[in-house]
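Next come two complexes, and both contain chain A; in the first it sits with chain B, in the second with chain C.
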Partner chain A sequence: MSHLHIDWTACDGRGLCAELLPELLAEDDWGYPVARHGKTQPTVPRHLEDVARRAVDRCPALALRLVNDPS
Partner chain B sequence: MTETLWYAGRGTGVVSLVLLTIVVALGIGARSGRTAFGLPRFAVNMLHRNAALLALVLLAGHVGSLYFDPYAQLRLVDVVLPFTGAYRPFWLGLGTLGFDLILALVASSLLRHRLGARSWRIVHWLAYLCWPVALMHGLQTGSDGDSWWLRTVLALCAALVLAAVAWRLSSPFTQFPARVTRRVRALQETR
Partner chain C sequence: MTNLLDGPADGRLDTHLDHHGRPPVLNAPQLVAQLRAAGLTGRGGAGFPTWRKVDAVLRAGGTPVVVANGAEGEPFSGKDRALLTYQPHLVLDGLQLAARALGARTAHLYTGPASADGVRAALTARRGTGLDPIPVTVTVAPDTFIAGEESAAVAAVSGRPAVPADKQRRITEAGVGGAPTLVQNVETLAQIALIARHGPDWFRSAGTPDEPGTFLATVSGAVVDPGVVEAGHGVRLGELIAAAGGPTAPLQAVLIGGYHGGWAPARRDLEISRAALAPLGASPGAGIVRALPANECGLVETARIAGYLAGEVAGQCGPCINGLPRLAGTMADLARQRARPGLPAEVARLAAMVTGRGACRHPDGTARMIISALRTFEADVAAHLAGRCLASASGGVRR
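And now, the complex of A and B:
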């Protein structure tokens, strides 16, 4: 498992990540991502890791990081 | 054979300028944070990146075929160092400069995560220098500079980029984009 770390000082609210990961993220009214399940750093299930990596790669502000959780 | 190289050199040159025009327009479109052509933001972003990579491939073909063209008489330095060529050195040099700039733009973008957002952005602003440099090179260096078709193509490219830059500089550009319903990957697939 891993989780998505969002650097709020860098995030620009551009919403690419919520488009790519609608299962985990919704957008608030200003375009900033909010985790659907209430955690500030949403857990990324294995089947979504590839898309999560794509979101990390594409974020225009480089505000996302996929962090591996030791299991 | 030699004619083929010349035709290939001209063809790839024109097509890469058209592509570069599209790349700049898509880059500005991506920066605006808006969706376009019914595509979500990440897709506009990918389109910008992939068009840039394609433009680079064509550009390699353009430089490569003219390098081996016996008439163009390019030396290896002309490919790397601007303003050293024998034939129309200034205009040829603009081409070399444009090529170096694109290499820098693409390389820095592929290494964006290592460079960090700030340095990457500074390098990426060179795009606004790169495009006019490439345009002037295309207009003045080759054998087609006086032809109506090349002038038409270049004028259309210039119109597109000027419109995009004017939009970039206008104040609504940086205002928060109007909320649009977004196309969302998974929800679309499951419905």
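And now, the complex of A and C:
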């Protein structure tokens, strides 16, 4: 399993991640990503890992990372 | 009890050595074992077990760095400054004990402007005594609320602006200059200096079995003699208020743990411990107790603190930059009885929205304090929505 880590000092709320991963992320009142299910670092299910990786690659602020959880 | 503030406490090295003697030298396993047996937890607010942090730095390998953190941006706290003024040598002993045990070659003391000269004088007095085999660099913290946050402290002693950093790696693994770094509050280090001298059993003779030892409390607000007092964990609120000269007026509530703390009803028998305060959404934090008299509005005071905290945002993280001013403004509407439908629910929604969404816990702490106010001052929330204030109705002045 893995989870998404957002570097809030880098994120500028461009919204690409929430667009690519609507299952996991929404936008807050100002367009910054917010996890849908309450966890601040949302768990990424296996079937969404590829699209999560794409979101990481496309983040213009390099603020998003996919972190592997030790199993 | 003989403790942190015991002895002449005049800041002089000769009186310190007369009273406490020279500190012993411990190796790393001895230090970890003593801290574990003592059950010492960090006194900077988070309350993390000290031995775990020391152990994590050891496991990271390499030559570590130790940072004594005396930056006290919290406006209601004065205990680090008091400790550095009256007992700087206990802090410096603890810093050396930890640095030597860990095999560090550099140590830092990071402190607010008010304490810096005193600390430098204490270091000068120790020159040539062999008490400081590891050189200590003093860095002055800016007067900002978040300057004392752990990663901000690491940044500041590294010569960068004192703002929190994203935690890609733990500071215990990669802190100052990428080296494993132990950041400890100055009170924690002073406790280490005492535990090394007197042992874990002595330390455990105060406090509760689960939360042993004493802590420094800064008691202020509606008390006769505001200041810093030392007490064992589990002390009753009434005893702390009495140690500060007693109340100046009937009290309605206390803010425990400071601006990032939680409001609780001013019950004399309220136990000041993590376990007892957790159900109230509060914790002893860095030992702050602020007494609110019955005729002052808790919602107004909460809005004032929220406004201050919104102004202390470091300016790095979007949810905090945007969310805290909105949260503080919404809280101010409630405090000023600018009622509109769903106002308390909107405060709660914004508080939940900012929580967990920053490089540091500034949004979380702000949200927690506000949520505790909605609960503790529940009756006044209802009154404010109806255009009244219970505190001013009890004879207070609406500010």
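Just so it is clear, the second predicted complex is superposed on the first by the 71 of 71 C-alpha atoms of A that agree within 3 Å, B and C clash if a C-alpha of one lies under 4 Å from a C-alpha of the other, contacts with A are read in each partner's own complex, and residues count from 1 in each chain.
In this section, contacts are C-beta pairs under 8 Å (C-beta built on N, C-alpha and C of every residue); 3 or more make two chains touch, one makes a residue touch a chain.
In this text, all values refer to a predicted model and were calculated from it rather than measured experimentally.
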Overlay on chain A: chain C relative to chain B, clash or fit: fit
More chain A residues in contact - chain B or chain C: B
First, second, both or neither for A:51, with chain B first and chain C second: first
Which of chain B and chain C A:30 touches, first, second, both or neither: both
First, second, both or neither for A:40, with chain B first and chain C second: second
Which superposed partner A:10 touches (first chain B, second chain C, both, neither): both
First (chain B), second (chain C), both or neither touched by A:69: neither
Degrees between the directions from chain A toward chain B and toward chain C, using C-alpha centres, nearest 10: 120
Distance of closest approach, chain C and chain B, by C-alpha atoms in Å: 12
Common ground on chain A, meaning residues reached by chain C in one complex and by chain B in the other: 10, 13, 29-30
In the complex with chain A, residue positions of chain B that touch it: 30-31, 33, 40-42, 45-46, 112-113, 116-117, 120, 176-177, 179, 182-187
Contact footprint of chain B on chain A as seen in their complex: 10, 13-16, 18-20, 22-23, 27, 29-31, 51, 54-55, 57-58, 60-62
Sites on chain C touched by chain A in the complex: 164-166, 168, 316-320, 322-323, 326, 353, 355-359
Partner chain C, residues of chain A touching it in the complex: 5-13, 28-30, 32, 34, 40, 65
